[in-house]
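Heads up, there are several structures right after this.
What follows is a pair of complexes built around chain A, which joins chain B in one and chain C in the other.
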Partner chain A sequence: MNAIPIKNNQTLKIQDIPVFPYEEFLELNTGMASDVYLHCVNYFGHLLDDHLRLYCCMADDTNGNILISSAVINPGSGLPIPSFTARHFAFHVFERELHENFGIQYTDHPWLKPLRYSHNRADLHSEIGNYPFYRIESEELHEVGVGPIHAGIIEPGHFRFICNGEQILHLEIQLGFQHRGIEQLFPEKKTLLQRNILAENIAGDTVIGHTVAFADLWESLCDFKAGDDILYARTIASELERIAIHTGDLSAICTDVAYQLGSAVFGRLRTPVINTFQVWCGNRLAKSLIRAGRNPYPVTPDIADALNRLFDAYEPDLNEMYQRMKTLPSVLARLERTGTVTQEQAERIGAVGPAARTSGLIRDIRWTHPYLRYGHIPHQPIVKHHGDVYSRTQIRKQEISQSIRYIRNLIGEIPGTGITNSELKAPMANAFVLSLTEGWRGEICHCAITDSAGDLILYKIKDPSLHNWTALALAVRNNDISDFPICNKSFNLSYCGHDL
Partner chain B sequence: MMMRVLSILLILLTSFFFTGIIVRTKSIFSGRKGPGIMQPMKDIFRSLRKGSVYSETTSFIFQLAPTIYMATLLMAILFIPFGNQKGVLSFNGDFVLFAYLLALGKFFMVIASLDTGSSFEGMGASREALYSMLVEPAFFILMGSFALLTGYTSFAGIFGALHFGSYISYGLGILASFVFITIALIENSRMPVDDPKTHLELTMIHEVMILDNSGYDLGLVLYGTNLKFAMYGAIIANFFLTPGYEWYFSVPIYITVQVGFAVIVGTIESFSARFRMNHNPQFIFMFTSISLLIFLGILLGTGKIS
Partner chain C sequence: MKLQFKIGSVFSDVKILLHQGKQYIPDVTGVEVPGIFRGRPVITAAAAGAVAGAGAAAAENQELMELCPTGAISGDPLCIDMGKCVFCGECQKLFPHRIRFTKDYKISSLTRDGLIIREGQDVPVVPDPGLVRQEIRKYFGKSLKLRQVSAAGDNSCEWELNAAGNVNFDMGRFGIEFVASPRHADGLVITGPISKNMAGPLQICYDAVPHPKMIILAGTDAISGGIFAGSRALDRSFLEKYKVDLYIPGNPVHPLTIINGVLILMRCK
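And then the complex of A and B:
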């Protein structure tokens, strides 16, 4: 018996998912994880009346398959079980979630700490105020605590540094301050529009990434074949979001090294990009642009024109500013060899998205598990090998240029207006569906399970930040504490995407 | 006496618009309109009108420090001459007192920030203390060299005599201005050593030290920065004021030097990134070396060594 392979956005019957005894389930999935081309996209539990069913989804980068397997355990027994994490560290976040939500105990989990303090956690005595921080007892070392109230105006998170003078020995990141219970809201909200709006609000800076994941998932569940115009509009929107956020990040990186010119110019360049979203759909963050089963804002020749004009003005300025920045010694001195994540570390923690690609680990859903029009674009992921802040800056510029090229090619071939899309059918009953998208921050995974009436009973969201926060904690080790902000900005991870 | 007070009046006048010019320069270079020249001063006046809030963990030191800091600065500017006009106070070796007055003010700011017990402020205090300590040799070697060259040991004596030398004194003046500009940048925690605009406590030096100061105290500390800039600007201007000129020549030269200094600071802050924290000591040592070079030049020039 083996795990069942499905493709991205494929729905299958729950009963088709093989159920293994826990030990075999553990062997199977950790065995697969030891292969660098296989990584875990989601691992979660679904609590039924008397038992907990664990689902593990492993993505195979070589053939575009996602291997689903499951096991049934009884969390009420209180018996500790062996952990995946002891075999492969990338599972640690998933097992921490299982431990937190269902009270599962592990015999050998090395880092069994609360993940996000979900409202429905098993142990309500575990509170955000008594998080078990890692400590080093020493006269020489000192602790610096930052947050949860951020000095600027971004989201809350607590960072606890253990420092030797100016040097960071260890950073522990405590999150959970943003928990809204968004996964529970999906089954509670009954209309499609409500769910669609929820998906837009999973992470405010990845509206397109998460909404496309939701829409693709829902359409697969309702056996809806999206027409060319829908796929086309979503592809353009995905790439435009990537351009907008990457540009903003370049500006923020310049701000953090106090390079005023770069900060001002990149900041100015981001505005017309998000304003194009405003022209297109009436919202600068692209909310309402994507709706499951329909295409409320098709790409018209006017929009295509606006995009062309945008890039004609944007690209020369971007190139000039970037050229100037990357030849400025004072900027390079701050970025190069700062906050390094090695390929070995990236593999071990299961890093995804640009954070993985800058360490030489190719994780790009557009390439390995194509969705929308990405199968037709000969997409080649951009890979860097140094894993430092400079690599993460370079990849942003290069991905912007790549996305501009894709959009320019796409708007040369606007699909005709005569396409009529079919109607959404009722969601399939007793179904499991998984959707992967490559947001600007990396791989987004949405999973859903329906009951015998076709009602949504479980919705699981995985934002790329879930893995990559650990990358940040590793990156800052042995760096100056004053370089932490620039490392943090180079990852630009989501708090609410993690906290859900 | 009237002319002796002129120096103080000019420094006070300059301090009102100095940071305004820096901010304006930066905004023009980044393509923004920017606030008015007087905006930083308006912000300071706003703070001065407010009451201060004190943390329960702090002692009287914390409340005392900003006032002592301001007092030391006001006293220090009494020593600054204007061309060949002496400052209000002038005696042999006054530049030593000048340096340690500034150090006293800084010392109180450092212990006040330690008084709060915040790990951030402790970090800022240790950085500020370290960099002030490193910059001290540059100042003393420089002033000592000039004392050797001119044979005087007071500000007024040194600056008065400096101009009767040959062209080499102008060369030295330019080199010394360069060192003084940098000392001013380091002492005021500006770029490229510190970034006064940042919102990130972990990278701050000066700003993180004064996190707990508010209202009137904060106003004093902020005004202290302006005053310090104007003070160093005045010292630099002294290298360019040729004695014998009437005040209606000297004052425009003085103002030009001050405005030029502010524009230079703004330009540096616009077109470069700040240093990585552990590169700062290296950078500061560089200026000690330049001071040593000036010292060596003077030794050669005066025939002390051959």
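And then the complex of A and C:
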């Protein structure tokens, strides 16, 4: 018996997912994870009357499959079980969630701490105010606590540093403040429009990334073949979102090294990009642009024209500013060799997206599990090897240029009108479906399960930040604490995407 | 050679500045928003739009109420509550003869009730300066320092609050600024539906702001919970304890809505 392979956005019957005894399930999945191009995209539990069914989804980057397997355990027994994490650390966040939500105990999990203090957690005595921080007893070291409320307009999270003088020895990141119970709301909200809007509000800076994952998933579940105009609009929107946020990040990086000109110029360059979303769909963050089963805002020649004009004006200014920034020793000194994540670390923690690609680890769903039009582009991921803040700055600039190229090519051939999309059918009953997209932060995974009536009973969301927060914690080790803000900005991770 | 190099660098900075030109919006209180914008909605009375009788109109109202994802549409005659509306525009798409979103971005209100748009009403939201608290009028006319608290927001309103201060919108020209410490602030701007996990930190932050202080709610999530209303992970009891001084609707709030909203508080003399 083996895990069942599916493609990205494929629906399958729950009964076709093999059920393994837990020990075998553990061997199978941790065995696969020893291959770096076979990584876990989601691992979660579904509580049924008296038992918990665990689903593990491993993405095979070599041949574009996702391998699904499952096991059934009894969380009520209180008996500890061996952990995946002891074999491969990348599973740690998933098992922390299983521990938090269902009270599963592990014999050998090295870091079994609360993940997000979800409202439906097993132990309600465990509260966000008394998180068990790691401590080092010492006369020489001191601790610095920052947050949850920070000194700017940012989302909340708590950072606890252990420092030796100015140098950071250890950083622990405590999250959960943004928890809105969004996964539980998916089955509770009954209309498709409500669920669509929930998906838009998972992370307001990744509206397209998450909403495309939802729409693709829902269309697969309802056996709907999206027409070319839908795929086309969504592909352009995905790349435009990447350009917008990467530009904003370049500005934020300049702000944090006190480079005023870069901060102002990159900051203002983001404005026409997001205003193009507004011209297109009426919202600067592209809320309302993506709807499952339809294309409310098709790309018209006018939109294509607006995009062309946008890039004609935007690109020379971006290039000029970036070239200038690159020549400034005072900027480079703050970026180079700061906040380094090695390839070995990236692999161990299961990093995804640009955070992985800047450490030489190629993870890009557009390349390995193509969706929308990415199979035809053809996409080649940009890879860097130093893993420092400068690499994460460079990759943003290069990905912006790459995305502009993709969009410029795409708008040369707008699919004709008159494409008729079929109607959305009812969701398939007793089904399991998985959708992967490559948001600007990296891999997004949505999974759903329906019951015998075709009603949604489980919705699972994984934002790339779930993995990458650990990368930030590792990156700042042995750096000066004054470099924390620039390290943080260079990742720009999502709090709400993590906390859900 | 060295001198030449330095002059060259200065020139490239000047060149960049010249290429940027003037980026600020000269009149943020009157400028038109580009493209489509879903601002203040207008509801056409059923009698004017409907061909059939009262029964058909009632059925249409019912459909509109069921369509709205956040229950922002209600009542007979019909109302839209901008404090609940997520501005998805689906009602306008399906019932264009009944609902139309105008490009009016000046939709902030001093009262919760002021966010409710009634059937047939097509006038700008004009706040009554008399509703602004005496102490706000007295102290906060020339400058306003605000502390923002993201309480389970999805980072979209946070984004737009930041954008309100960028070189394009330049809120700083009015003396409005976001500060790092609540001790330096004149009030709080709250975004997000307020999770249980943020209820405690929000209270601590509010307590740290010196008197007199104001509360501004930015975004549909903060005003009503938005799409998250009713989630068991929320704790909105903070809002039951204090008077809210300004409601800025939007999903997310547009920078122009923010600036024009806050200006109501500053120009109420």
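To be clear about the criterion, the second predicted complex is superposed on the first by the 500 of 500 C-alpha atoms of A that agree within 3 Å, B and C clash if a C-alpha of one lies under 4 Å from a C-alpha of the other, contacts with A are read in each partner's own complex, and residues count from 1 in each chain.
Simple rule for what comes next: a contact is a pair of C-beta atoms (placed from the backbone, for glycine too) under 8 Å apart; a residue touches a chain by one contact, two chains touch by 3 or more.
Quick caveat, the model's predicted, so the values are computed rather than measured.
Contact with chain B, but none with chain C, is seen for A:V331 once the two complexes are overlaid on the shared chain. When the two structures are aligned on the shared chain, A:N201 is found in touch with chain C, with no touch to chain B. Of the two partner chains, chain C is the only one touched by A:P148; chain B is not. Of the two partner chains placed around the shared chain by superposition, chain B is the only one that A:D483 touches, whereas chain C remains out of contact. Once chain A of one complex is fitted onto chain A of the other, the partner contacts of A:W218 are absent, as it touches neither chain B nor chain C. For chain A, the partner touching the most residues, choosing from chain B and chain C, is C. Of the two partner chains placed by superposition, only chain B is touched by A:V257; chain C is not.
Legend: residue contacts after superposition of the two complexes on their common chain; A:F266 is shown touching neither chain B nor chain C.
By the touch criterion defined above, A:F432 lies against neither chain B nor chain C after alignment on the C-alpha atoms of chain A. Legend: residue contacts after superposition of the two complexes on their common chain; A:F177 is shown touching chain C, with no touch to chain B. In the superposition on chain A, the residues of chain A contacted by chain B and by chain C overlap at 151-152, 261, 264-265, 268. Interface of chain B with chain A (complex): residues 26, 29-32, 119-120, 122-123, 191-192, 195, 197-203, 269-279. Of all the residues in chain A, the ones that touch chain C in their complex are 117-120, 128-129, 148-149, 151-156, 176-182, 184-185, 189, 191, 193-194, 197-198, 201-205, 207, 261, 264-265, 267-268, 271, 275, 278-285, 287-288, 296, 316-317, 320-321, 324, 327, 494-496, 499. Residue ranges of chain C in contact with chain A, taken from their complex: 9, 12-13, 15-17, 19-20, 23, 33-38, 67, 69-70, 86-90, 93, 101, 148-163, 166-168, 178, 180-181, 192-193, 195-198, 200-201, 205, 221, 226-228, 231-234, 251-252, 254. On chain A, the positions that touch chain B within their shared complex are 142-146, 151-152, 166, 254-261, 263-265, 268, 328, 330-331, 333-334, 338, 480-485.
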